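By letter and in written order, the chains are A, B, C and D; residue numbering begins at 1 in each of them.
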Amino acid sequence: MVIVMQEGASEAQIQHVIDRLVAHGFNVHRSTGESHTVLGAVGVHRDFDHRDFELLDGVREVMRITQPFKLASRQFRPEGTIVDLGHGVKIGGPEVVVAAGPCSVESREQIFCVAECVAKAGAKILRGGAFKPRTSPYAFQGMGEPGLKLMREAADQFRLSTVSEVMDPSQIQMMLPYVDMFQVGARNMQNYYLLRALGEIRKPVLLKRGLSATMEELLLSAEYILSGGNYNVVLCERGIRTFETYTRNTFDLAAIPVIKKLSHLPIIGDPSHATGRRDKVPPMARAAVAAGADGLIIEVHNDPDRALSDGAQSLEPSTFTQLMAELRIIAPAIGRRVA
Amino acid sequence: MVIVMQEGASEAQIQHVIDRLVAHGFNVHRSTGESHTVLGAVGVHRDFDHRDFELLDGVREVMRITQPFKLASRQFRPEGTIVDLGHGVKIGGPEVVVAAGPCSVESREQIFCVAECVAKAGAKILRGGAFKPRTSPYAFQGMGEPGLKLMREAADQFRLSTVSEVMDPSQIQMMLPYVDMFQVGARNMQNYYLLRALGEIRKPVLLKRGLSATMEELLLSAEYILSGGNYNVVLCERGIRTFETYTRNTFDLAAIPVIKKLSHLPIIGDPSHATGRRDKVPPMARAAVAAGADGLIIEVHNDPDRALSDGAQSLEPSTFTQLMAELRIIAPAIGRRVA
Amino acid sequence: MVIVMQEGASEAQIQHVIDRLVAHGFNVHRSTGESHTVLGAVGVHRDFDHRDFELLDGVREVMRITQPFKLASRQFRPEGTIVDLGHGVKIGGPEVVVAAGPCSVESREQIFCVAECVAKAGAKILRGGAFKPRTSPYAFQGMGEPGLKLMREAADQFRLSTVSEVMDPSQIQMMLPYVDMFQVGARNMQNYYLLRALGEIRKPVLLKRGLSATMEELLLSAEYILSGGNYNVVLCERGIRTFETYTRNTFDLAAIPVIKKLSHLPIIGDPSHATGRRDKVPPMARAAVAAGADGLIIEVHNDPDRALSDGAQSLEPSTFTQLMAELRIIAPAIGRRVA
Amino acid sequence: MVIVMQEGASEAQIQHVIDRLVAHGFNVHRSTGESHTVLGAVGVHRDFDHRDFELLDGVREVMRITQPFKLASRQFRPEGTIVDLGHGVKIGGPEVVVAAGPCSVESREQIFCVAECVAKAGAKILRGGAFKPRTSPYAFQGMGEPGLKLMREAADQFRLSTVSEVMDPSQIQMMLPYVDMFQVGARNMQNYYLLRALGEIRKPVLLKRGLSATMEELLLSAEYILSGGNYNVVLCERGIRTFETYTRNTFDLAAIPVIKKLSHLPIIGDPSHATGRRDKVPPMARAAVAAGADGLIIEVHNDPDRALSDGAQSLEPSTFTQLMAELRIIAPAIGRRVA
């Protein structure tokens, strides 16, 4: 921690701050400049509320120097993590992995139809919601376990891995046989009970960035899972909330190169939720791959106009196939490939 | 729902939209203007994704006309709701009710000391956390049930009601004897499992606005609780996340008069979390009352510099007493009073 | 400036950073901790792009320690500045000064009618726009100089000072006889040509915070005027742009106590532009005074429904009179008074 | 305009609204539904403050149906606009055009050196600032006209077009011989005096989106220029201000496909200002092209570490050359090409 004293801070004020720091077990280095005195407090206190010092008399600013996350940091595993979903699906390697499927599993016909087309187009993972966190209590809440069963069958038939959202710790055991990766939605990014529970298992977890979460907060939520011993975490940028309303959210693509520098965890992009509109998904999906995403998760529906949820942001199978072709051209520009 | 067609939309496009609306069970009114054709779709479909129509050819804009929340709306209960915590503590009436106490219950000495001083100063509710949602997994996570016991004892001794945060449905039964009002924190505002569980009980719930939640989303989360049959909901404005970082969050005080117009539920302000700094709490607490808040929730600690959490935003007892005196002067300006 | 090296930064990397700092004329203090090496660079370089160092190998973070503004800082004039508009109107003293009037001057009848009522209610300054920065080129752009003449006459008749917006340096000389304070609108907060020109004169300037300006940027814009020799600057919080759209902007009232600590300049609040809706102006005006504002600027129109601009956020004279009565009750809570 | 009445609005309230609409010259269509009465007001009033009606008793919501911009809308010129800078440089056609150069022109050596390398790498336009809008009054403010002269000479020698920022109407005539495109910076996006002055000339204008400007506001600012008769406008997405601070701004790439649908004007991306960090520029530049940008404007400096401004976000010539090679691979994915 570094503490910058105000210009003209008194010797007594400076000494008081030094005493407080020592009392907290820090080693203090003092440097006196023409305009400011700066105190360097050395010693690792990962959970230290630096605001406590900002309020002391004579203090101008306090700056934390220890990164608040440890296991999620790039320094912890410089070579980067590759998350293996089995069936040869690896996220974080040379291949850009695409997960695709409906927002919600609605019927056997629907999920099999979508699974077949996305598998043909090159997707490696089938996505499908069975428990839906809906803003309105009056909205369709998902099929539950029967939906997961159907998704698993469809995925197995077309050799796809599966990912689906978990909303509460009580669902984890039941979901284990059906999903190859658990998804934590944006609204639950800071549901610490859920994160701790997912740290206890060893299956991969897809952790979506919250609507107003900073990149650091996303990594701290990942830290909850990692600190439980589960290192199979994939991050997901899905748009943040800003003043702009033409798109549902603002797709913060710079998060991809930033997180890749800060952390060893893979990160994928979700252009469907980021934009909220079908016609904006292909350009943003291409942009995510060009920015270096390790993968994509895209909503595809065989009949978007009749989807029970998020039809407006679901691609038609034909559009998805065309998009995959475009991604195959883009990926090599950065030494990646798309199946 | 109202659908505005683009200038020059073809008759075929217009007819296609009309057919789709009728197929969805709407009655359609068409008005043809010099530049635009406007379609009015009448019929209540509380969960209708209007984006589905925005994507049809020839459509310029689609506007929802049914408010998405019903039980939380002012029309549902024009006279306004008064939430009764017992012991004569009523939120939403002529009295501005103040809840005060430490961020976390830390010890018997601490909670009794704080309870005594806030009671003397005029607070009616004792706040204290036993389960803390911390951004870092390495931070103090709260005392748990023993902390709740201590808070209850202290509150009873000084004739205060109690409020404490619940983080998971599994905690509700255990907490019932200790709290007079359950608090749902900002991070859990859209934890629908928790909201539904709180809809099943009849104790008051203090629902905090999420960091990036719109006022409408806050009311929709309240709707989850109300739709379960629990009408004892108090809303709380505690700051939103914006680009400004001098304060921890941006205290959106306009939410108070806006929500009072949209909804019958009481709303209080939390200047401690909104600003994150002790020295900014009194001015923002005064502002909240002047803006019409039904109450306040304020962090007070007998020894802020040694608090285990959020000491930086906790008031000294003497500052709190001074603040209460100022509030007694302000409240009458809008026909309210402070105990 | 303080530079924190990454864990495991090499000695060569550290030495390279030190050499670069010395080359830039800094004195460097080095402190080596168990996990991090921290370099303190002493010496004032008010315009130094610290990002240049963030990019060097081995650097984790770089923190500026010299405040970027000097003349606007509280340290420069600890006792605070009182801006005198003449006619006994002083902003920054014990009295909370209210400026009121129409968004735009529209006619002699209108401005005289409004001037009379706001003067009677206790306002000390008449506001009225003659040059309107409108988002749309097709909107009413103001009466120009004739409007200023009318405002001056009305103000003189009812013993009010005047404030009006200047949009371009070319208008300053012409406006001098008509205005007692020049207003710089939010859109022009970073129009540096205009700010420099206003630094050349000695009349008070009301500088409004930009829609997305941080408090620091507001003070840096003030610094442009102060550095020209004009110390008569009054700041104005008028709402910032956030994701919330129920109100036109989000009134960042915490800016008032924050700026009062950072700077010696007076700061007033503009609840009319902050909320954009007449019915939200009184509560936010009360809140601003309770938060410690040195004054208010409020839009009042004798016939809001027929106003040529911003009628929706203009108060009826009777509402304004009622509001002033409420403010007289609130101000004493913080040792201030309202005329 | 469409007006939705509240549930239970009285017949008198409805009639009052209808009378007001008719008085404003609208034709009114009324549709009465089971829960709401909806009024359609037909007739074009491009500058109508719909908030005036929101405040009438019984009104729930008012929705504008006429787009506020006309000349900038896609409907006005469905085929799209191609802006010709001369020398065969056309923005908006099949070729993705890249402008590159230093933030500020600093010396003959510097600008010639940079011009040569960017020309070799495939850039078609040389960028260079001579008048710099700096947040701090103490920062380097640019070389002025001599800088423009040097830029022009360098551009001519290496067959490049030029673009440079204009800050005030008084500079336009002087700059005409030196620039092929005038740049309006983000801070001046709503400097209407400047926009109107640029509408009077016929040279291309590069209009940058303001830090907190919506896409609609960007198009309205373009409308100021177009309404003066200058149709040679190129828009630029350069990042918006959000709560995320890891990058200088948040690059809102979705603005590219959205604006292309709303308007006929070309739009380019500025990854240098959007990210503020050299190492984030290449991924975001690739992403912008993949999203469909008509061009890019990138800061390149022969010696970034010694740049007088924005060195931190300037690319080394070698990195720029490598980036251009990557863009040549990406562009064909969407049927475009890079020189």
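Some notes on this structure:
Going forward, contacts are C-beta pairs under 8 Å (C-beta built on N, C-alpha and C of every residue); 3 or more make two chains touch, one makes a residue touch a chain.
Fair warning: this is a prediction, and the values are worked out from it, not measured in the lab.
The chains in contact with chain A and with chain D alike are B, C. With centres computed as the average of Cα coordinates, no chain lies farther from chain A than C. Rounded to whole angstrom, the centroid-to-centroid distance between chain A and chain C, based on C-alpha atoms, equals 38 Å.
Between chain B and chain C, the centres computed from C-alpha atoms are 30 Å apart. Between the Cα centres of chain A and chain B there is a gap of 26 Å. For chain D, residues that reach two or more other chains under the stated contact definition are 212, 241-243, 245, 279. Only residues 2, 4, 6-8, 27, 29, 31, 33-36, 38, 40, 42-44, 60-61, 63, 65-67, 75, 241-243, 245 of chain D touch chain B when the two sit together in their complex.
Residue ranges on chain C touching chain D, taken from their complex, read 20, 46-47, 49, 51-52, 54-55, 68-69, 133-140, 167-169, 187-188, 190-193, 196, 210-212, 217, 220, 223-224, 227, 241, 276-279, 305, 309-313.
Only residues 212, 214-216, 240, 242-247, 250-258, 261, 274-275, 279-280, 283-284, 286-292, 326-327, 329-330, 332-334 of chain A touch chain D when the two sit together in their complex.
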